[in-house]
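Listed next: structures, encoded as structure tokens.
Below are two complexes that have subunit A in common, paired first with subunit B and then with subunit C.
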Partner chain A sequence: VLNRRCVEAAVMTGLALNCSINKKSLFDRKHYFYADLPAGYQITQQRVPIAVNGSLSYSLCIDNKMSQMVTKTVRIKQIQLEQDSGKSLHDDTRSQTLVDLNRAGVGLMEVVMEPDMCCGEEAAAAVRELQLILQTLGSSQAVMAEGQLRVDANVSVHHPGEPYGVRTEVKNINSIRFLAKAVDYEIQRQIEELESGGTILNETRAFDSKLGCTVPMRDKEGKQDYRFMPEPNLPPLILYDAKSLPANMNHQQVVNIDLIHERLPDLPSVKRAKLVERYGILPEHSFTLLNEDGLTEFFENVVKQTQMKPKKVIGWILNDLLSYLKQHSLTVKESPVSSFLLADLLNLLEKKEISSTAAKQVLAELWKGEGKTPLEIVKEKKLELIQDQKELEQICQAVIDGQENEVIMMVLG
Partner chain B sequence: AALKRRVRFQVSAALKEGHVTPTELCQRCLSLIKSTKFLNAYITVAEETALKQAEESEKRYRRGHPLGVLDGIPIAVKDNFNTAGIETTCASNMLKGYISPYNATAVQKLLDQGAVLLGKTNLDEFAMGSGSTDGVFGPVRNPWSYSRQYKEKFVPKSHSQDEKSNWVITGGSSGGSAAAVSSFTCFAALGSDTGGSTRNPAAHCGVVGLKPTYGLISRHGLIPLVNSMDVPGILTRCVDDAAVVLGSLAGHDPKDSTTIQDDFKPFELPNVADVSKLSIGIPKVTFKSCQQLWTGTAADLFKNAGAKVIEVSLPHTCYSIVCYHVLCTAEVASNMARFDGLEYGHRSDMNKSTESMYAATRREGFNDVVRGRILSGNYFLLKQNYENYFIKAQKVRRLIANDFVKVFRSGVDILLTPTTLCDAVPYMEFIKEDNRTRSAQDDILTQAANMAGLPAINVPTALSERGLPIGLQFIGRSFQEKQLLTVAKWFEKQVKFPMIQLEEVKRHDHDAFQHQKSASFS
Partner chain C sequence: QKVTVEVLDHLEHLALVDFRDAEGVERLQKAIQFADQLRDVNTDGVEPMDSVLEDRCLYLRDDDVTEGNCTNELLKNAREKVEEYFVAPPGNIPLPKLEERETILQSS
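What follows is the complex of A and B.
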């Protein structure tokens, strides 16, 4: 039985990726025997998938300094719905394989990209953007480490002007960082292989994160005939839009593409543009804000609670707050300094009650999370900026008085 | 004893009025099952649970709140429907000892109406066959083999032939269900119909066999043979009973995406029907059927009642056997892939590698027929063959289905054909040909209805020269079961098919007793 939510998620994702949604798509059985495939076949969409011909735009920094960003596009070939298999856990010490069937049959969405990317960095950036889009849509939480987003990289090399070379498929990539590494390693391996007169096999390789290389995968046989057959228990999936929806159709029985389109939330690219426009921050700032879970919200909350200009606030967010969090491997949600506290501190700075150096000291104290307010810390450490002219003169006089000899030396030259 | 011969409506009335209690009824059926054990109609008899269900039913009757007409009625279910807590084997080694954790929707619906499940009936392994002879629990014997009508006509062809070894087959693959209904051990039974598997044994056993329109009754929990053709089938002793059972089974099931969404309204059949406005079509056939004579007689009956009877042409039906062979084996190959010995069912001791375990398990678990179909099916699904076989067969299937559409559009209401080529053959003769040859022969008249998804029903018509039942088949328009059953009921009334006279039951009881006595002496 088809899961409605899966269909909606696929349509949302297809629309977000500028795809054409196929109003009629079909389901097929893909047959092969494996311990984690209890039915002996997987239901997928081989003939007509639910969405085709889309595109995904992503940005990269030209150099490492985040000062120049360039936009690239990768074409989306198709999005298809299919079933997940179970999980195989290989226990080599006891020569056995444990099979967990709990996730067998759960709905998956496969996004197939065209080979428009040229290196690990591009692949990583593209997948990162996809991840953000999926999270924004709610289609998936897309956490790679949890297997919610799985990425297989298909890599090939060729001389400029010549057709694409033989590709290998690289699996077992568990993070975006590893994706970049795996792709770059494989590119290098293939170039070396070809330059030494060898050939590339159309094979499946696994990425070994410990060694940082790809290795041929065991128990993946040669070309398999999957004996595709239409899935007889699932009728063709028909989707409607406002125009094609029959008048007397029960709305709970159908998926309306137009309705889904209307309900699409702001995509990351739109969100970033809005942040730049509203707060006057730089585009690269908006990328960092969106990249970190909860950071945008934190930033906006601080801005709301302080008179300091957003352009200045952003510095504190990205340089001070973020680097501290990174140092201690904390997420924004785990920050001992709340947006309220930070705003409080920035207000003191803005009102010139403390200097910026003092502010940094206060912040260092706040990290300890002892529950003190910025004002309390300022008073404790006597960090207040002295505004009173007379008081300042008194202090200076006291210093000069205490250093008579040095003063005479200075006056004499 | 006379009680059993009554059809269910009358039994329902008897239950309601307290003339008989559900427990008494259940016990009588269970005891009759025991004394007809030689028929081998049942694989599992669920005595304990049946009696419990009967008890519950009795309580409801005493309170004056029975669930409906089916409350307390003993039924049997073909052993390819999942039944919670009761073994489901499909007559195969692969599922011997398998206890399902859930009830098929059709089973659940009957239980929800208070029906009493007596047991699971025998079949051809995984419903592949037309004789109910190829299951691991042995063949089913047609109760008519032991009827006075058959014995009177029986002429041994040689000295070696005697009455005892010359029993005839039930037909298949729902032979157990047909035999159970025919021998009065239950009032209705569930079968399945993919190429004729409900109508064929119904014809041979002299009972009503209904194949509903595809998509009307849920297949959830019916272990699939050919997903695009399977339907649950209903076997009863009269057409009215079939209508009642249909009423409790039909309707959308969210667990089966191939069931239609429309609401189904259960109906009662009129006692008097006017067939004069009907147009009955009789397809031209190129093969000889022993039943041709009866089709002619039936046609006359309709004509005399004022109906229009015309000959119609279904030009592509002659290709349905080969078309069915390709599509059926392809889906079988796919559906059988789940039996790998890992999760449930039989697992071989071979453990050198996963692949060798799969191979050994499947070789040990499946019989020749099943393995043969899997191999054929996989052949047709290979990339290089897919276009030429599978796709082509799909196209031919469309042509066959369109033949029916054309005929019905031209004004014909119901089609009339014999159900089988001949009456039931003796087992010894049947097994001389292999399963595939037999299926190809026996399914020829029934299969096309599965191709087109149309409703069809076997109505017992008369006895053959050998004293065995002959049935005629009516095929109706999609989802027009009411019209189909109305015509069938009218016909049933006209032909007054004789009741089976089973003497063997008493005699066998006596034999068993004798045997026991002599055993204690030695």
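What follows is the complex of A and C.
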């Protein structure tokens, strides 16, 4: 029995990825034997999936410089609904496999991309953007480490102008970082293999994160014959839009594409554009803001609570706060410095009660999380900027007096 | 047209069926002939039917959890288990190749 929420999530994701939604899609059985597939077949959508022909745009930094970003696009071939299998844990020492069937039968969305990416970095950037989109839509929390988002990479190499080479499928990739490594390793491996006169087998390989390489996977050699057939227990899935909405049907049974379209939240690309427009920050700034969970909210909260211009605030967020967080491997939510405290500090700076250098010192103190306010730290460390003109003159005079010789040299020359 | 030994062997691998004897193979042959009659029908301009349920609605279930917590009952079926996992061999145990197994197909 199909879960309605799965259908809605698939339609939302299809719309977000600019796909055509198939108002009628069909289910099929894919047959193969494996311990984590007790029924011996998986229900999927092989012939007519729920969404087709979309695209995903993502940004890439050239040469690791944040200031030079390019936009690339990868075509989405289709999105299909299917069942999950159970999870296999391989126990090589005892020569057995442990099978957990808790997730068997749970609905999955498979997003199939065209081979428009040419290296690990592009694959990683595309998947990262997809991850952000899925999280924004609420289709999935897309945490790779927990298997909520799984990526299988299909890699092939060919000389420019020649047809695509034989591809291998790389599985067991558990993070975006590993995705980039796995893809780059496999490209290298295939090039070396071909240059030394070998051939590439159309096989499935597993990524070994410890060794940083791919190895052939057991039981998945050669082309499989899945004997696809229509799933006899599931009629076609019919979706409606405003025009085709049936009059007498039970609302719970109707999925309205137009309604879902109206309710789509702002996608990451739109959010970034809005941040740039509203706060006058640079595109690469908005990219970093969205890339760190909770950072956008933090930034906006600081802006709300301070008179300092957003264009200046962003520097403190990205250069100071973020580097502290990264150094200590903390998430934004775990930050010992709250947006309130940072705003407080920036206000002191803005009112010229302290210097920029002093502000950085105060931030370092705040980072210790000892519960002191910025003002308390400033007083404690006597970091106040001296506003009294006379006092300043006296100090300058004392310095000049102490450096008499230097001053004479300067005046003369 | 007769079904070749290669196809029969392929089927035995894919579906783990055992055609057992000449009668089994003959039954398959007859089933294919019976189904082939479909080809005699002129289907020009007719949309293929892939389900007799095609004019029914696919029922959409609400995202409500209505059952579960039956670990013990499910694990009762397991021949071998470790904590709450089912134990399986390390990989699929492949059907031996044609030459190495006892099958009617050998003598064909």
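We adopt the following convention: the second predicted complex is superposed on the first by the 391 of 413 C-alpha atoms of A that agree within 3 Å, B and C clash if a C-alpha of one lies under 4 Å from a C-alpha of the other, contacts with A are read in each partner's own complex, and residues count from 1 in each chain.
The definition used in the following text is that contacts are C-beta pairs under 8 Å (C-beta built on N, C-alpha and C of every residue); 3 or more make two chains touch, one makes a residue touch a chain.
As the structure is a computational prediction, the values presented were derived from the model and not from experiment.
Applying the stated contact rule after C-alpha superposition, one finds that A:228 touches subunit B and leaves subunit C untouched. Of the two partner chains, subunit C is the only one touched by A:238; subunit B is not. In the superposition on chain A, A:106 makes contact with neither subunit B nor subunit C. Of the two partner chains, subunit C is the only one that A:95 touches; subunit B does not reach it. In the superposition on chain A, A:29 makes contact with subunit B only, while subunit C stays out of contact range. Once chain A of one complex is fitted onto chain A of the other, the partner contacts of A:41 are limited to subunit B, with no touch recorded for subunit C.
Comparing subunit B with subunit C, more residues of subunit A are touched by C.
In the superposition on chain A, contact of A:398 is made with neither subunit B nor subunit C.
Once chain A of one complex is fitted onto chain A of the other, the partner contacts of A:201 are absent, as it touches neither subunit B nor subunit C. The residues of subunit A shared by its contacts with subunit B and with subunit C are 1-2, 31, 33, 35, 97, 99, 101, 225, 227, 232, 234-235, 253. Of all residues in subunit B, only 226-228, 254-258, 261, 330-331, 333-334, 336-340, 342-343, 354-355, 358, 378, 381-383, 386, 390 touch subunit A in the complex they form. By the touch rule above, subunit C contacts subunit A in their complex via residues 10, 14-16, 50-51, 53-63, 74, 82, 84-92.
Residues of subunit A touching subunit B in their complex: 1-2, 29, 31, 33, 35, 38-41, 97, 99, 101, 225, 227-229, 232-235, 253. Those residues of subunit A lying in contact with subunit C across their complex are 1-5, 7, 26, 31, 33-35, 88-92, 95-101, 218-219, 225, 227, 230, 232, 234-238, 252-253, 255.
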